[in-house]
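Below: a set of structures, written as structure tokens.
Both complexes below contain chain A, partnered by chain B and then by chain C.
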Partner chain A sequence: MGTKPFCDACGKVQPPSPDIDYFAAFGLPRKLNIDLSALERSFYRLSRKLHPDVYAQATQQEQQWSLEQTSLLNDAYRTLKNSIARTEYLLKLEGVVLEAGKSEDGAAKESRVPADLLEEVFELNMQLEEMRMTRKMGEDDPQLRKDLEKAHIDFESQLAASDSNLQDLWTLWGTALDNEDTARKSETKDQMVALLDRRRYIRNLVRDVNEALEA
Partner chain B sequence: MAYSDKVIDHYNNPRNVGQLDKSSSEVGTGLVGAPECGDVMRLQIKVNPETQVIEEAKFKTFGCGSAIASSSLATEWVKGKTIEEAMQITNTDIVKELALPPVKIHCSVLAEDAIRAAIGDWKKKNGVTEGAEVAQAVAAN
Partner chain C sequence: MSETNAARIVGIDLGTTNSLVAFMQGDHPVVIPGEDGVNLVPSVVAIPEPKKIVVGNPAAKHLAATPDRVIYSAKRLMGRGVEDIQDELKLFPFHLASDIQPGEVLRIQLGEQQYTPPEISAYVLRQLKKNAERYFGSPVTKAVITVPAYFNDAQRQATKDAGRMAGLDVLRLVNEPTAAALAYGLDRNKEGIVAVYDLGGGTFDISILKLHEGIFEVIATNGDTHLGGDDIDNLLIAIALDDIHGELKLDLRANPEAIQAIRKAVIEAKIVLSTSETTRIAVDLPGGQPYRREITREQFEQIIKPVIDRTINPCKQALKDAGVTPEQIDEVVLVGGSTRIPFVRSLTDQIFHLAPRNKKPHIELNPDEVVALGAAVQANILEGGSKATEDMLLLDVTPLSLGIEALGGVVAKIIQRNSTIPASATEHFTTGVDGQLNVAIHVVQGERELAKDCRSLARFDLKGIPPMSAGLPRIEVKFLIDANGILHVSAREQRSGKEAEIEVKPTYGLTDEQVETMILDSFDNAEADFQQRQLIEARNEAETILTAIEKAKSNPAWRELTDEERSQIALLSAELGVLKEGDDAKALRDGTEALDKSTRRMAELMMETAVSSAIGGQTMQSAGEKLGDGPTAPHPFAPAEIK
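This part shows the complex of A and B:
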């Protein structure tokens, strides 16, 4: 069974291949630098051809397949158009387990979070808590507010920096893929995992700081 | 998803919240985090240098109810245990005690990591190497 949604010979809709990935659904290589407007155009073009409405008069089998193809296409588009979801998806395809927990042999996984980031996250959480408590007592600590506003700017810029670093890693990944450089691929994968971990912490911090400042 | 009564109890009345003097040689500090949910957990132990018994344990956790309950329970459990006994506590014990659902198992993993990190820190401070410990265990048997 091919990865194309239509039969080459008769042009009829086919069931989705069970092992098709979202990149293949769009005929794309497993690279992360994606032309988003081209992706959108492909999405609309394929959607129009695969939509169940087109198959209203077709056999039940074809209706079913068109539904499955459309559903796959929607999931694929939603995942690929988002830079973080796309990166996480690729890492999953490449065998990276992003969820916390124990590895299969039962040994605890090494902490992937750098110690200095943890210290920073912990300290900021302490500050946030202090601010919430001060507020509760009907007071406002101007220094604390200043600190938090500074932290907010700092974390926003870290977030922006991590996005630009991520794009650099996408390019490295693409090159490693083209050169079939396994060592470089695995190195880039690890770097992407570390970056996403860090990014999640920062994103949560930005959210918490925003809440504390708005409360 | 509903939290179990035990989780709610630990969440509402967390045991041993606070901190110990990080610079003391008797104190081991473990700071761990789960990037998936953004939780951070600090667990500290104060160890009697003569008996290696954990006499005091404190924690501070920023995270969900299960993470707070897991670390609260962890401090309760390590208190009164020796370093060796405390190393035997696993996340599965915590999952069972708190009846954590599968989506919250990582909170218990975090608590186990925190215990180990705190013990590791204490060992490092006191020059206890893994090898020496094995020798000690062999001698004890």
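This part shows the complex of A and C:
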């Protein structure tokens, strides 16, 4: 079965192929450096052709196919336009099993602390606990607040650093893919998994600090 | 035939307070007035005497004398349960049936009978349909209906059900703020980011859209389906009742007639205060005692501030979800009658930092009509578009996250809020016990962490799982939110490849069967629209004979016909197929009869060869029923007697 959403001969909408992936839905290779404005243009162009509004008066079969094609297109666009969701999705395609609740939106927290962050995290948890205690007493500790704000800035910059590291890995991945370098691919894949874990951990820390400061 | 009125799709704004119907006339949407020449049809239904149903202004007239036979603001009850509406019940004059269980569809006691909110809305829709049919001089069967963007699945489904009960094929539910954006976007070729602030009679929506070359892409939406002008009225009524209690020593809280009189007076005062600095609430109470109270705009604003301020957080959340700052909003559009209040306008100015940027919100289009106009634009797009709409495409989002209840009552989100629709998610389930045949899935909508704090949509029971060891079955369940924002669920057991059977228990919805029954009920109760009914019946008859002929083609009798007979049947079938799509009941009946005649010999042949002994002396129709899936009589309604 082809991966095209339309019949070449009649131009009519077709059912989505069961094994089409989000990259293929946009006719893209499985690479992570994506031109977002080109992606948006493709999304609009395909939406104009596939959307159920265009098939409102068509046969029921075509309406159903348009619905399936458009939901695939929307799911694909939503995933690919977000850098983290895109990376996670590629890893999933490459056979990496991301644990439930570990994705970007999951509420569950990662328990493993990245080794180089141990000390910082330990101190931060002390401060957060202290903050909670002071709050409970109905007091405010300006020095503690200052420390937490500093920690906040620190972790935010670590987050930014991990984003730029991730982009480097995307490029490595693309090159390995072009060269069909299986060893490099697998190595980069592992690095991306580790980086995403770390990023997720830092993100949760940032969230905790935010909550403590805003509460 | 695409240009005839018959194929016309109308746009309907089914509002809390007022409803309207509009259509696209050339390049411009226009509202269709009622018989009285008025565009707005109050969403009020009265049953002044058994079996007599009145809608709109004539129904509102009954409010003062027999408030227990009138219902208004039924939209607030759509898709809701008895536990949701305790607060407003105190202020509504109508009564719920006394035996409603939590989680059941509401039923309102109106005179001698009980009605569900979709039935009430269906009466309003029928009135609008009638107005449009009177205007066009031909039947109207297809519509786009608007709903608050923040409506959940149950509320959307209830609206669709109402359309069906009113004899309308609802081609699309469009979100009200998005519809407004479409109406505004028609005249100028706009680009950029637009916020639509929609405060109506009963609901508040905020939507943020990105406009680009005719694409209207909603990037975030938020709101409150229980916030609007009604709340302002209720506050003023409560104050008046307090006043009267204190000053005149009259407790009118249990007096629906008096409350209606006060409601009318405070609404008038509210409207005057949008243009004047001061006014007077004046009511003559039962017993002839007058109640008078001066009210200044300043006092009014103090009273309503807590209500209006409730729109701030949804706006902030929508901005955050859209990833934009107030400064990045290029245009603000105000929709809904409550945005006429100066205090509301100044609040939107603050939220979106308009004045410092020398910007003013858009109020050019009548805020009461703009949603209906937008619905007409969307209807036109679905019709295939015109010159004015050919490049327009609406990409909307789902307002609430969809989740499933996981272990411990925690919600696992599977489709995030503000996802562009249609959207889907696939989840895998398995069994926990050896030989388990069913798996239950509880689907909820909302942002909270625990299922009990979210809106329960439905419980799905996956049945017919082949007996296997625990954990072995792999049931793939696909959740799909369609372009109307309504959820569809399908399931498959992957090891056996078997399509799993799903039993759905909608939490606040009606089942298909219930809707069907209500369609019939409404035909019985309302004055029947004979022409329309005949058309539907004629269509059904045509459908029946066409299906029967398709089936009969596999019968040996088909081959015994001459080439000429067969091609005659084919020709007449094709003609009838075309007529079936049209709206001419008479032509349809004639076509059916002609086709019926042409198949008579085939019917005789079929009867002779197969089943003559079994059905001797019966009419073709009952024969057709008895035959079941076997060879079917080609004209089951023809009164031919078999020898």
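One rule holds for everything that comes next: the second predicted complex is superposed on the first by the 194 of 215 C-alpha atoms of A that agree within 3 Å, B and C clash if a C-alpha of one lies under 4 Å from a C-alpha of the other, contacts with A are read in each partner's own complex, and residues count from 1 in each chain.
The criterion applied here is as follows: contacts are C-beta pairs under 8 Å (C-beta built on N, C-alpha and C of every residue); 3 or more make two chains touch, one makes a residue touch a chain.
Quick caveat, the model's predicted, so the values are computed rather than measured.
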{"item": "First (chain B), second (chain C), both or neither touched by A:V121", "value": "first"}
{"item": "Partner chain in contact with A:R78 - chain B first, chain C second, else both or neither", "value": "second"}
{"item": "First (chain B), second (chain C), both or neither touched by A:E211", "value": "neither"}
{"item": "Touching partner for A:A56 - first (chain B), second (chain C), both, neither", "value": "second"}
{"item": "Which superposed partner A:D168 touches (first chain B, second chain C, both, neither)", "value": "neither"}
{"item": "First, second, both or neither for A:R200, with chain B first and chain C second", "value": "first"}
{"item": "Chain B and chain C footprints on chain A, overlapping residues", "value": "100-101"}
{"item": "Chain C residues within the chain A interface of the complex", "value": "171-172, 212-213, 215, 378, 381-384, 393-395, 410, 412-413, 416, 419-425, 449, 480-483"}
{"item": "Sites on chain A touched by chain C in the complex", "value": "44, 47-48, 51-53, 56-57, 67-68, 70-72, 74-75, 77-78, 100-101, 105, 107"}
{"item": "Chain B-touching residues of chain A, taken from the complex the two chains share", "value": "98-102, 108, 111-113, 115, 117-119, 121-122, 125-126, 129, 196-198, 200-201, 203-205"}
{"item": "Touch list for chain B against partner chain A, complex", "value": "31-38, 40, 42, 60, 62, 91, 105-106, 109-110, 112-113, 116-117"}
